[in-house]
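We just call them A, B, C, D, E, F, G and H in the order they show up, numbering each chain from 1.
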Amino acid sequence: MKKFLVGLLFIGLAFLLLINFAELPEEKLITFSLSDYYIGFGLEQTGALNLVTAILYDYRGFDSLGESTVIFAAVSGIVLILSRKMLPVSSHGLSFIVKRTLGILTPFIALFSLYVITHGHLTPGGGFQGGVILAAISIIFSIVYGSAFDYKRYSPELKTTFETGGALVFIIIGGLGILFDGFFLDNLDFLTHSPGTLISAGSIPLINIGIGFKVGAGLAIVFYSMIQKTFGEEF
Amino acid sequence: MISISILLLIIIPLVVAFLIPLLDLYNKLLRRYLVIIGGVIEISISIYIIISYFSDLKAGKFFLTYYLGGWGPPFGINLVMDSVSLIFSSLISFALFFIIIYSIGFIGHHEGKYYVLFFLILGAMQGAILTGDMFNLYVFIELLTVTSAPLVAFKRNKHATEAAIKYMFYGVIGGLFFFVGVILLYFNIGSLNMAQLAQHFAEIENNMQLTIISIFLIGLLIKIGIFPFHFWLPKAHSACPSSLSALLSGVLLKVYLYIFIRLFWIVIGFEFLLEFNIASFLVYLALVSSLFGHVFALQASDIKRMLAFSSIGHIGMILAVFLLNTETGFYGGLLHIISHLLMKTGLFLSTGYLLQYTKSNHIDDFAGVGHQNKGIFVGFILLTLSMIGMPPFIGFFSKWYIIMAFLKIQHHFGAIVVVLGSLSAVFYYLRFIAKGYEKIKLSASDLKNEIYNRPILSVFYREKLVTTVIYIFVGMIILTGFSFRLFELPLQEGIKELINPQNYINLILGG
Amino acid sequence: MIIRLTFAYLLMIMGAFFAIVTVIGLIRFPDVYTRIHAGAVVLTISAVLVCVGSAIYVWDFLLSLKILLVGGFFLFSNPMATHAIAKASYKRGIALPVEKTIDEYSTYLRRDSE
Amino acid sequence: MLHHLVFTVLFLLGLYTVIYKNNLIKMVIGLNIMEIAVFFWVIAVSDTGKSVPIYHLNKFAASFNDPVPQALTLTGIIIGASTTALLLTFIIELNKFADTIDSNKLEGLNE
Amino acid sequence: MITGLAIFFTVMSMIAVYRVIKGPTITDRLIAADTIGIFMSLVMLMLALYYDVYLLIDIVLAYAILLFIDILIYAKYFERGELYK
Amino acid sequence: MIYLEYLLLLFLIIAAVMAVYFEDEVISIIFLSVVSVILTTLYLLYQAADVALAEAVIGAGLNTAIYMSAISQIREKSK
Amino acid sequence: MLPAVTDNNLVQIMIITGILVTLLTIIYAWKKLKKNKIYFVMLTIIYLVSFIIVIGTDKWIVFLGGWEFVTLTTSLMFAWDDWKLVKQYFLIQFAGSSILLYAVLVIINNGYAEVGIINSTFLQNILIVGLATKSALFGFHFWLPAIYANSSGLVNAISSGWVVKLGYIILLKVIIPEQGNALLFYAGILMLIYGGVKALLEVKLKVLMAYSTLSQLGLIAIGIGSGTVYGYYGAVLHIIIHALTKTGFFINLDDIINKSGTQNIYELAARFNYSLFKIITIFGFSFSLSGVVFLAGFNSKYLIKNSLPGPLLLIIFYLGGLLTFLYTLRLLYWLFIFQGKQKAFLLRLNNYKINFSIDLFINIPILLIILLLGNYPDLLNYWLPALDSFSFPLGSGIGETILYLLVAYLILEKLNWVRTKEKEYLEIDVLFNKIEVLLNKIGKASLKFDTEKIVEHYFLRGIYKLSGKTHDFIYRSFSDQLSWIPLFLALLLAWRYLV
Amino acid sequence: MRQKIYTFLSLMIVWIIFAGKLTWDVFLVGGAASLLVSYFFSDMLFRKMSLDNNVFTHLKKFCLIIAFIPVFFYEAFIAALKVSRYAFSRKLDLNPGIIKVKTHLIDVTAITLLANLITLTPGTLTVDFDKSERCYYIHWLDVETKEEAETRKALLGRFEKWLEVIYH
């Protein structure tokens, strides 16, 4: 009986959702809407070829600040929840065939992540995506070489420094915006060379780099905390 | 008027939060100074705003704005502070400053992460209040969820973790609905700026309007904790450390209420709720929620849970009185928001202090607390008296105006619910007060156990700190009780804004 | 031009053919390890072929190199992943080969455990 | 219409999973599916058949898809990922105390 | 041709889903999922060619990298039963 | 191209249903990553490159890592 | 027509009486209390100030606030007896306050922005219902005996002597003397009879006095509600007189109970060594209460009697008066005259001591006032201007009194001075118990009711259990809780078809 | 140091491929990025190089590797065709099994590469490598023989020789 009612509810809900959402209009009400503005003036105002990046880090840079703060908060939360006394670490990892192959691949993956980060304003991607790939390297280390390796090479302190440093870079660049152009997160136009080059789009690449390192370090911390085997902590 | 100070209200906490981990790597003792400096800066900015723009406020044209990235209102994100936001923002600065000081005496472990998350919550709350952009609001709402959830699980036991999981599930679903709502607004209108959305909302097709309203309603009702979605609230608010319960129950709920007000009075426009007959339904829903909150509070044997349930009751009441959409209703609602903020925060803080000396939050362990901490318990009693609406405290006056608002439009059910609410409040508070004054005889083993359970951090100076904060709150409720007309000016301005949203639109879009 | 495109298509079609082989192998072969042969190894060839085909299709030096890089990455990563999985599932006994087959590895593992 | 249908099905599938599955990890997966549904819907609806909103080699004509929903969705995806991580952390923690992730066996969740 | 290939690979991966659903052991499913992943990345490649937006190839590369890491994570999990050691 | 979209949508739904259907979490997560691949492809089809990259990176890569670490901890404990 | 009492005068006389009564209580408290007496005095002063504010103000909000303060302070006074009583008393009083708050707000919303005459029967009735709990109107009086039975006479004196009257004082200000209020009137009659009967059958001294208070309050209610100036004046006078008398009464009884250690009136006589002066005092108070001529009680009763419109009501009133006589005489009998194994009290009377504080500072003034007002009611002319226009027929009063005494004596003789068993339960408790059993049908088996825990049990446990049931009903499993979301979503999305 | 320089150069090449153009800013940023990566990961790409080898040797190695690729691919292609024969055959007539094959290679990278190559050749799959006995455990789709020399020839074949030449 309950199952039947639930089924009925969900079928009805599906029907209602479909009806309600299908009325979505094709055209927007405002004739010169947000997107028209961004598409029309995005390149000349920000200098970023990638309009999504232009929106994310320039027009709506504050959103991105909030968003990176979300990641920062999540990382802090996870570390808070999972911080415990550690077991003595033993490093095994996978077979040495995998280790060696990955040794060859890892620099290129890192390079690729840097590529994604620095080309945020030209190609798809940006700080967040590149940062996740950067974090993937740390994940690889933990997985393949064992977490001790990861711990030894890139200590949590280093990661924390990178994380907070990245976040602060964002805010510092925003503050520079006040200094040079009068508004927080204002695009630093003097950094622009010419559209299409790497050194263009004002402060967008810099913010991207900051966020990239922040996200990379943050997610690495997250993964490292989540896999570590721990004792309970008395307090 | 463009003013950078309202940006600093958001940025300063974020900077402090980002700096704390760096500072921790260097020296852990510096952290406390940083934290206090952050709080002081925050509150002084609030005071600065009030003082320097007081003439504007008096003239009824208080309006501050800031363009992020230098992009003007329809195309960029802008921060807005009008009278309503001023009230909320400065109240939050005030309350959180004292909670920070309280925390220094209260939180014993993992202080670094605690303050990081705490300052992030502060920044997110200020952001959610000050932003003038719909999607930015969503980001801040999510930030609130993500920051508060780990703190809910801060105690790291089964109960707290369950609470955090429940909180997260509800929070994420609510946030998702809010996201859908924002996107729907964007698809229909083509803008994300609140003023522009408000300008064009009436032109949307009728059915679509209803859909948007429904989606937003679900999202926000989950966040506020109105009856069918309140299940996460008591558990989450009771599981975390008391300083945080005070924040969640005393302050955060008001932020969500503010968002509700902002959304349904300024962006969407209340006339649509009336047009679709949703308003009266919502009034009844909120009232039922309030009733349930009080009824559940009656049976709660865990004091913090009881306080959380009482929060449900009060928030439902405030929501209902706002939804009446009358001037008295706004006045009563806003006043009660202020009073409930002060009272609940103070109550949770004093409860936290009292519970330091008990084994658990259960009522049986509460016995004899009043004899152990006489001063604080008196403060606790005064706060509860304000809560149930005793005269010299502010609780009475706000309750007075709320009932007045209900009766003014002959909404007797609402008035009765409010009366019943404060009536049941007497029942559930008295249970604990009577328990607290119960004489108990401790056996030797009990005594040992108690000393063991007593937190080590209750060193003398910290205890003083905690006590002082509680007395400040008690003093505030008495002070504001005698002079609740202090808020008259911003309240009246705020009410004007709520009644006439067109003013807000004109100020932002400059038309 | 036409020759280049034809060559590119040819390579792609070969890749597609091996894709069919992959899927059939995946569906038909009897046990895990044989399926790995089809599902991972032939697949790599298929993917690389398609990538090479695309590179020729694009015919722009750096871009083609980039696509080849993708192919190269497949070439490098896939066998290793396959190897890792095969080893892991054998070691933990998640999937052991059928009884009758020749199995010298089990003796090694047994010796190792002693 | 098709996009709406897929959105509805996925969204309700996710909601169903969140509500009626007992395994907490499955519930998180349900949340993920709900998020996926919403993001998919946003992108699908905002697709007008024009080009990627990036000025690239041979597409200088400004005939781009609406970049705003993409930016918003991007933000949403990242926020979703962090919430998922946080939720899973809580589940790990809960499992340490309760030895189960079955929501039926966790009485505390019902309170 | 490009379209055809894209559809072809999609169909192939849809057939491969059978193994993910059916697969008696987890390894089967994993291998099939890997197959699907690579097929889909080929589809992405085809799409990049189809739209003449070669920037999209980055996405294929990124996906390939992360797919590979995924597989390694699974392998580690199967081999050790945990991810820490 | 429209047929490709239909196929992918069908595929998406199948994968999502399967992700819910199986009781074993690992299988669910495998399916979830499959869903995420399909979604990436769909985003590319809808000309949303940035979102596609984010989905690929987070949905396929990061999510699996996080989920697997959670599961490994949980299974470890229950053993 | 007779000139009505102005508000100002009324307030003045009430304030004077209040101060007097409170002063008397403070004196007793100073003597009696062992510890924290300074706090008690402070509390009493706060109470008095807020009381005066309540009477004097014409702002509803101040009025309510002041009243809440009166409630708070008086309930805190119970703390010297038992914290549990504080809780119970506060609960009940606050419940009353809440209803009152509601009533007052309804009144304000109907245009009566200030405390004053309300020219609408409906609103008056709402106010009366609002005041009911606080003023122990019939039906809402249940707390009175239960609380009094367990508390000390000190607080009883304050509560019964003055706090309970507060509601009636307000009603005096609100109700138009010429119109009256039927609801109040009939409630008064019921209270008079009911209180009398209950008092007659009661064994416990405090409870007896509580019921006596109830019946006297009934008289006041009749006076106010009758709608004549006679009644009005009678009510004012009776409030004053009853306040004084009851205060004195309770203080004396408290002394007696403390020294004898029992409340049972059948046993009291044997355990207490009365002084002459005490006997005179108690006799005086009792007779004043029952309206013996030359004592103040007679005058007020006479005025109220004159206000009654019809013969039927007059008979009922006489019956009420008779009941008063009956229970006072019975009380006096069992206290002083009953011989039993002991000698009669007159024979034992060899104690002529005057208790320094009680007798000198409390009993003598009260007795004096009673006597003065009984013989020269015009003394209050300044405040009650029309008082001298009434002619108080003291002559016929003698006859009436004698008749009353005679009849009462005969009846009591016949009934063997109404020796009832000490009841285990108050009547109202049985009612509660029944409700409780009804409630418990949902839950567990019935619980026995403890007299002392009347409020505790009914209000707290019952509500606690009920709310627990509700809680369990709403709070089901996690999935059920979550499934509200699709349900609500469906409701809202289908809204356009539903509305 | 040399290790780092080699790493830097190869990273730079790949960076240019990634960037897709040859302008000064690409070099600038790419140089910075490559420096960063080679600072962190230089010991991973090339294992400790003996200093006595001069640059020419390394160049030769590189050329050999490049030359090796088509050879390998041809082999792999042929093997794949073999497997597809199994896939399409009406009746599956497989004889799978895991066998042990010894190798002469010493260098770790060479062993790894050989293992990968074996895996890449359809029909064979490296399951494990025994370090003490220096032998591969290989899953063979259709075991033809269990004799040592035969299997070596069938499985390792030419690859081993190539790798021996490269990593002598």
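In this section, contacts are C-beta pairs under 8 Å (C-beta built on N, C-alpha and C of every residue); 3 or more make two chains touch, one makes a residue touch a chain.
What you see is a predicted model; the values in this text were computed from it and never measured.
Traced through touching neighbours, the fewest hops from chain B to chain D number 1. Chains making contact with chain E as well as with chain G: A, D.
Seen from the Cα centre of chain G, the chain whose own Cα centre is farthest off is H. Annotation: 34 Å between the Cα-based centres of chain A and chain H.
The distance from the centre of chain A to the centre of chain G, each centre being the mean of the chain's C-alpha atoms, comes to 73 Å. Inter-chain spacing, taken between the CA centroids of chain D and chain E, is 20 Å.
Shared contact sites, meaning residues of chain H that touch two or more other chains, fall at 14, 18-20, 115-116, 126, 128. For chain G, the set of residues touching two or more other chains reads 475, 478, 481-483, 485-487, 489, 493.
Shown for chain D are the residues in touch with two or more other chains, namely 9, 12, 15-16, 18, 20, 45-46, 51-54, 56, 68, 70-71, 74-75, 78-79, 82-83, 85-86, 88-93, 96, 106, 109, 111.
Applying the touch definition to every pair of chains gives A-B, A-C, A-D, A-E, A-F, A-G, A-H, B-D, B-G, C-E, C-H, D-E, D-F, D-G, E-F. Partner chain E is touched in their complex by these residues of chain D: 51-52, 54, 56-59. Chain C makes touch with chain H in their complex at residues 17-18, 21, 24-25, 28-31, 33-34, 36-38, 41-42, 44-45, 48, 62-63, 65-66, 69, 75-76, 78-80, 82-83, 86-87, 90, 97-98, 101-106, 108. Residues 20-21, 23-25, 28-30, 33-38, 58-63, 65-67, 69-70, 72-74, 76-81, 83, 157, 160-161, 163-165, 167-168, 171, 174, 177-178, 181-187, 233, 235 of chain A are the ones touching chain B in the complex. Touching chain D in their complex are the following residues of chain E: 51-56. Looking at the complex, you find that chain G touches chain A at residues 483, 486-487, 489-490, 493-494.
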